[in-house]
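Chain naming follows the written order as A, B, C and D, and within any one chain the residues start at number 1.
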Amino acid sequence: MIRNALAETALTLAIVFVVVALVLVPLAMTQADPVGVVTTFLFGPFKSIRHIGNIIELATPSMFCGLAVALILRAGMFNLGVEGAFFLGGLGTVAAALILPLPGPWLAPAALLAGAVIGSSVCVVPGVLRARYGASELVSSLMLNFAALFIGLYVLNVWLRDPAAGAMVSFKIPADARLPRLIEGTRIHIGVLLALAACGLGALYLFRTAGGFESRIAGANPSFAAHLGLDVARIGLRAQILGGLIAAFGGGIEMLGLYQRFSWQALPGNGWTGVTVAILARDHPALVIPAALFLGWLQVGGDLVARNFDIPNEAVGLMQALLLVTVTAAALTRNPRLLRAFGARSPGAAR
Amino acid sequence: MPHLTRRRFNTLLVAGAAIAAVGVPAAHASEPKKIVFLVNGNLGDKSYFDLGALGMNQIKAKYGDAVETKVIEMGTDQTKWLATFQDASEGDWDVIVGCTFEISDIMVEIAPQYPDKTYILIDGVVPFDEGKFGNVYSVTFKQNEGSYLAGILAAGLIADGTIPADWGKSIGFLGGMDIPVINDFLVGYIEGARSVTPDIKVAIAYAGSFNDAAKGKELALAQYRGGTAIGFNVAGLTGLGQLAAAKEAGRLALGVNSDQEAIFKDSDPEMASKVASSMLKKVDVTLLRAFDLYIAGTLPVGQTESIGLKEDAVGLVETGNMATLAKDPLKARIAAAKAGIVDGSITVSSGFVVSQADLNTLRDSVRP
Amino acid sequence: MIDLLGLVPAILRVSTPLILAGLGVHVSSRAGVLNIGIEGMMLAGALAGVVISALTQNAWLGLVAALLAGAVLAALLSVAIHLLRADLVLSGIALNMAALAGTTLALFALTGDKGISSSLPSLTLPMVRLPLIDDIPILGPLLSGHNVLTYAGLLAVPLVAILVNRTPLGLAMRAVGENPEAAAATGVPVLRVQVTALLISGLFAGAAGAFLSMGYVSWFSQNMTAGRGFIALAADVMGFGYAWGTMAAALLLGTTEAITLSLQGFGVPSELLQAIPYLVPVLAMVIHARRRKRREAH
Amino acid sequence: MIRFEHVSKTYPNGTVALSDVGFSVAAGTIHAICGENGAGKSTLMKILSGLELPSAGSISINGEPVRPDSPRAAAALGIGMVHQHFSLIGSLTVTENILLGQEPRRGPFVDRAKARARVLDLAARYSLDVDPDAKLATLSVAAQQKVEILKALSRDTRILILDEPTAVLSPPETEELFRRLVALRESGLTILFISHKLKEVRALAQQVTTLRAGRVSGDAPMSAISDDEIARLVMGEAGTSAIVRPEPQSAEARITVRGLTLRARDANDRLDAIDLAIRPGEILGIAGVDGSGQRGLVKVLTGACQPDAGMIAWDGKSVAGANTGALRRRGLAHLPADRFRDGGSRRLTLTENALAGAHRNYRFGPLLKPRAMIETTRGIIDRFAVRCPGPLAPLGALSGGNAQKIIAAREFGSNPRFLIVDQPTRGIDVAAANFIQDQIVALARSGCAVLLLSADLDELLRLSTRIVVLYAGRIVASLPNDPELTPARLGPFMLGLEVAA
């Protein structure tokens, strides 16, 4: 089993290298230092502690969102509200941090909790509509994302806006509420530990608790769950609530960890990244961690190339899109011949 | 693309003339000075990101090998901005340029860490009274002053009968979002218009997006349908939809930031003919000027400059359609207002400082 | 307050890209492929139409190019999901990313500008005055004088309905979409049917894009589709698998949007107005789902 | 006419499904192919019908080597297949289903009138009456099978393959099917008939080929081979179990049903004033042609839907409004008719399938105890002789019979007080079927009330204490299962020709 997993990983890495070679190398040839372009993309993100930090900063919200999506997908639901939950979670957390009259150490946890509850509504409402009326949660969550955005902006404009600032941003988040940094010279904050813990707990929940097991039954086969007497609608709703809380919590963490004020004027896109992460991780909470780090690496490497060479960041974006497709391409990653070439035993033998 | 090449060539000519006029500073130092502009978004907004990039081109054109310039697009993910500023500061850039208010907090964090670098912050401020920002030069635009002139033009064209009466009596405003910098335009615009017609009506709409031209067109058409004779767009690429609406409805439009008549002059002359004028926000000029001062060693770092009509940092396009469309008394009125603002006899309110409640009162009072 | 005479054309304008793209989503969905990449296909169509119409100075060639561009991206999506067997949703998302980056790059390469194609002398598709109807008072201005693609979109609805319900291809699409294994066992070439449906979907997306860049406005600007592809996805789901339903949903979405746009400037905070077009469809869906549930209970 | 020579099939994952299979089928005969689940029958037929390619070997028809690589290519060779799981599309009409892929056209459109005429013509030619305009999903299984057969016959078919065609049919329907098949053979068709049921094979076939573990274990004319020999060739040594009719252990009914009425949308599910009583230790058999209300009865008794009228009582106490979960807590167990749709999940592991529902018994604090769960499953695998790669293999990796054992183990293992078994042995091999039947009887003997629904009358007659016949949602007969009760006696009731008080 482990041998096969290693072979899969090796094959995936090989695919990444081949795609980079096919796309980046021709691009690099237009530059004075083609070798530099390729090595910057591949290894630049690991060259300094700060850039490793950047990967982790980017991966932290992706882990929360990826975990949220994974839990929802596992329960057989398809909720895109994670994006809106992340946004509203960030806003709710900042609002609570600004409003709650709590002493220092209590402020951040309380604000995060409040933000999680507020933000989760974007996932919960479609969940309720699905459970009660059978309305497609795909559409309602997609729509509610934008509704949440504009209602959130309204709240920001009317109640949270700092009139002294020259833009539509909230008052500054109290220093007490901001999350402590972990490593000098980076912006890695305690949120990453929470994200890792959340993924671990998510895996534990899904695979080692009765609730998680029931969720997987309902997701794998709803008629089977009904046959067992499980309340499929309630299980789905539970997953939506859980996913919404996690995503919204992630939004709050992002705010308190990296921002001084709430300043999003549009949906930040982390929820969409979460969908990508969850698919890359095959809906497995533990695999969400490497998937998020992989995407973070892809981003930082691409940024470094775009920043340091005369290669437009759109070109890098094209390559990133291609990488996303190829690393999930079953024709490549599940190809028995390729897998065997990377040392896998034949799957038949595993039986 | 012949049209574009010609336009760019013209730009170069202008820049070249500027060089000839100022004279290339004597071989300053053996090492070229390095300046980088970090765009917190993407180029192509036809607004100050593009104008900033144009300013960078002008710097390059003026100083040639004596400078090294670079524009880096940071994208819209805010968490990446600080990291990019840090990277640039770690690098061997001498001058680092950022713009918009959102960058202010980043400058606050970064600038004190790298005292040997010079930072130029456009449209944002840092708390200079804390004394930590001796290497930051901040400049803000009084777009309300330019918009004041735009308001006079709009209301004036209606008042003096240049615009046929059956087009309607109100003027329009199409903003990207209901945010302070946009409302700074709005407040100046309303005040300018009121100085001509005290009971002027202003149809106000916000698109909620800066890249949706179709939505911009639809909003503008709704305004034109409701009796708006001339509209002012401050909404980036969304706002350009207003020009398409003006063409379709046979009404007039006012552009923003750059000369929007020029943008479409070659590709769609009919639409360009509907742009009565554009209110300019000369980020390019400002950036070039700042760099000139930097080279000369006289850049006023450690403080904020607020520049407007007086510094010729904002203004109204007076060539093109405006030259033929506006009658002389109106032109004179605009010139007088400009002089009044420059000499301080006229002060224009700022959209940054009004409270939301006051803003709502103002908007309600001009509602058609 | 709101003049209805002006509102009807506005509704048609706002709805046209949604109807076209919605039909595109509808066709591929019937064949069992959820076309998340519709947004990217629209964007490619929008750019291709502008570029080719500028180069050839022929708007129709521009439209053809837009359709083809949408189809080419659809073919790319098909390569990803059928040949490489990559994840459908992820491939769609990746296609959208690639289209946004690719159109910007292409625009930059052609014009030196990343934001807008205004330096290209591109053409627009004509407005069509319907003879006879045009002369009828009130009704004339409402029904006549719209963009040719608006009429094309409305006309396409019955055509798509016929395609899906009455042609061998449509029958095969429905079979493949509902039960691919059974269709394969019957000898229906599943792959070919899905690829064909996806290509048709791409053509519609290209037309929707062309409407934006050659109908609504006369230029291409960065990311100008602004999420309309996703709204079209919603329109298809709300249409419950019928072309007419998709059109009705697109019109509902378009009407809500057009009305809220007209309502701006009446003192309601703009953010709340902007939220309404996203809340109304959810409400409509809930009402529909409730009624259906009640009907099924009996 | 058809010759298989050295046909082998190895799947990419290494599973060997067929090895060196060779035999011939004579033209114009009905040729039976027998074998246990997983013996390779279906794979062989998939190869013939173009759904899969052989890894080695060759097939020839009339001496011409053929290699159909798609169902279309097979159809061109005159091969049509009726799958056990129909390859029909629920939302299409009968006509559309039959002519899918070969519709008559008028210009770019389907010529609906001509298509309809063609289907009617086809139906008349083979005397298989169907409503060409009905939506497939509204038809009973037997009617759907007719559609499936017509579809297979619609392309100038000379070779017809039928995979377990009687599994879903009632005896009269089976008889009717057999008459049609004989008529088809007489019209010159060659028929390959896959079945577990020796009686059917005996009644129909001229020649039988037996497969065992992917190899041909026997091939003989029917006249030259006895039932016992066939059984031995198919499964080695195993006899049919004797008739058992467990006796009720109490006069008090455990389950009482009075005036149960269900007005479902689907006419096949409707119930009309059903009265039943099931006592502890008793197996109550339900007979009836498919679509007589069995599905609705199961739905209501398992709490999947609530009746429109009438009452259900457990031990004399009404359980009105109780849902599946509540009934299960009272001691309900249910082996569903569709094992993969309702009974389990192919994607989940054997352990998860075997212990779902009982999983809350394996808790340590908030967590489940995976090791204990796996151990229990190992025990089930041993006790039920489940052939599988291990307790962590997905259920989808198992053959139908073995999967059914896992699901049965879960349902039977919950120590139920009321057990509903719906088609417990459909489509599984004789050994597995005997095992499951023995388990059902053992449960009844331990005091469980059992409701048995089966389309297999032999099964009903062997196991049931009493048999109730349903027709059109009503009880038309309630008969003690004494030696006089035979399929022939039940037939008229099932077809609604006769009603007993």
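Here is the rule we use: contacts are C-beta pairs under 8 Å (C-beta built on N, C-alpha and C of every residue); 3 or more make two chains touch, one makes a residue touch a chain.
For reference, the UniProt names are A, C = Simple sugar transport system permease protein; B = Basic membrane protein A; D = Simple sugar transport system ATP-binding protein.
Here the structure is a predicted model, which means the values were calculated and not measured.
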| item | value |
| --- | --- |
| Identity of the chain that, by mean CA position, is farthest from chain A | D |
| Centroid distance [mean C-alpha coordinates] between chain D and chain A, Å | 45 |
| Between chain D and chain B, distance of the C-alpha-averaged centres to the nearest whole Å | 75 |
| Gap in Å, rounded to a whole number, between the CA centres of chain B and chain A | 36 |
| Distance from the mean Cα position of chain C to that of chain A, given in whole angstrom | 29 |
| Chain B: positions in contact with at least two other chains | 178, 208-209 |
| Residues of chain C engaged with two or more neighbouring chains | 104, 269, 271, 274 |
| In chain D, residues with contacts to at least two other chains | none |
| Chain-to-chain touches, reported pairwise for every pair that qualifies | A-B, A-C, A-D, B-C, C-D |
| Contact footprint of chain C on chain A as seen in their complex | 129, 133-136, 138-140, 142-147, 149-151, 153-154, 157-158, 272, 275-276, 279-280, 312, 314-315, 317-318, 320-322, 324-326, 328-332, 334 |
| Touching residues on chain B, where the partner in the complex is chain A | 72-73, 75-80, 82-84, 86-88, 90, 100-102, 104-105, 123-125, 140, 177-181, 208-209, 352-353, 355-356 |
| Residue ranges of chain A in contact with chain D within the complex | 204, 208-210, 213-214, 216-217, 220-221, 223-224, 226-231, 336, 346-351 |
| Residues of chain B that touch chain C when the two form their complex | 1, 3-4, 7-8, 42-46, 50, 178, 203-206, 208-209, 211-215, 217-219, 221-223, 225-226, 237, 240-241, 244, 263-264, 266-268, 271, 360, 363-364, 367-368 |
| Parts of chain C lying in touch with chain A, wherever the complex brings them together | 80, 83-87, 89-91, 93-95, 97-98, 100-102, 104-105, 108, 227, 230, 233-234, 237-238, 269, 271-272, 274-275, 278-279, 281-282, 285-286, 288-290, 292-293 |
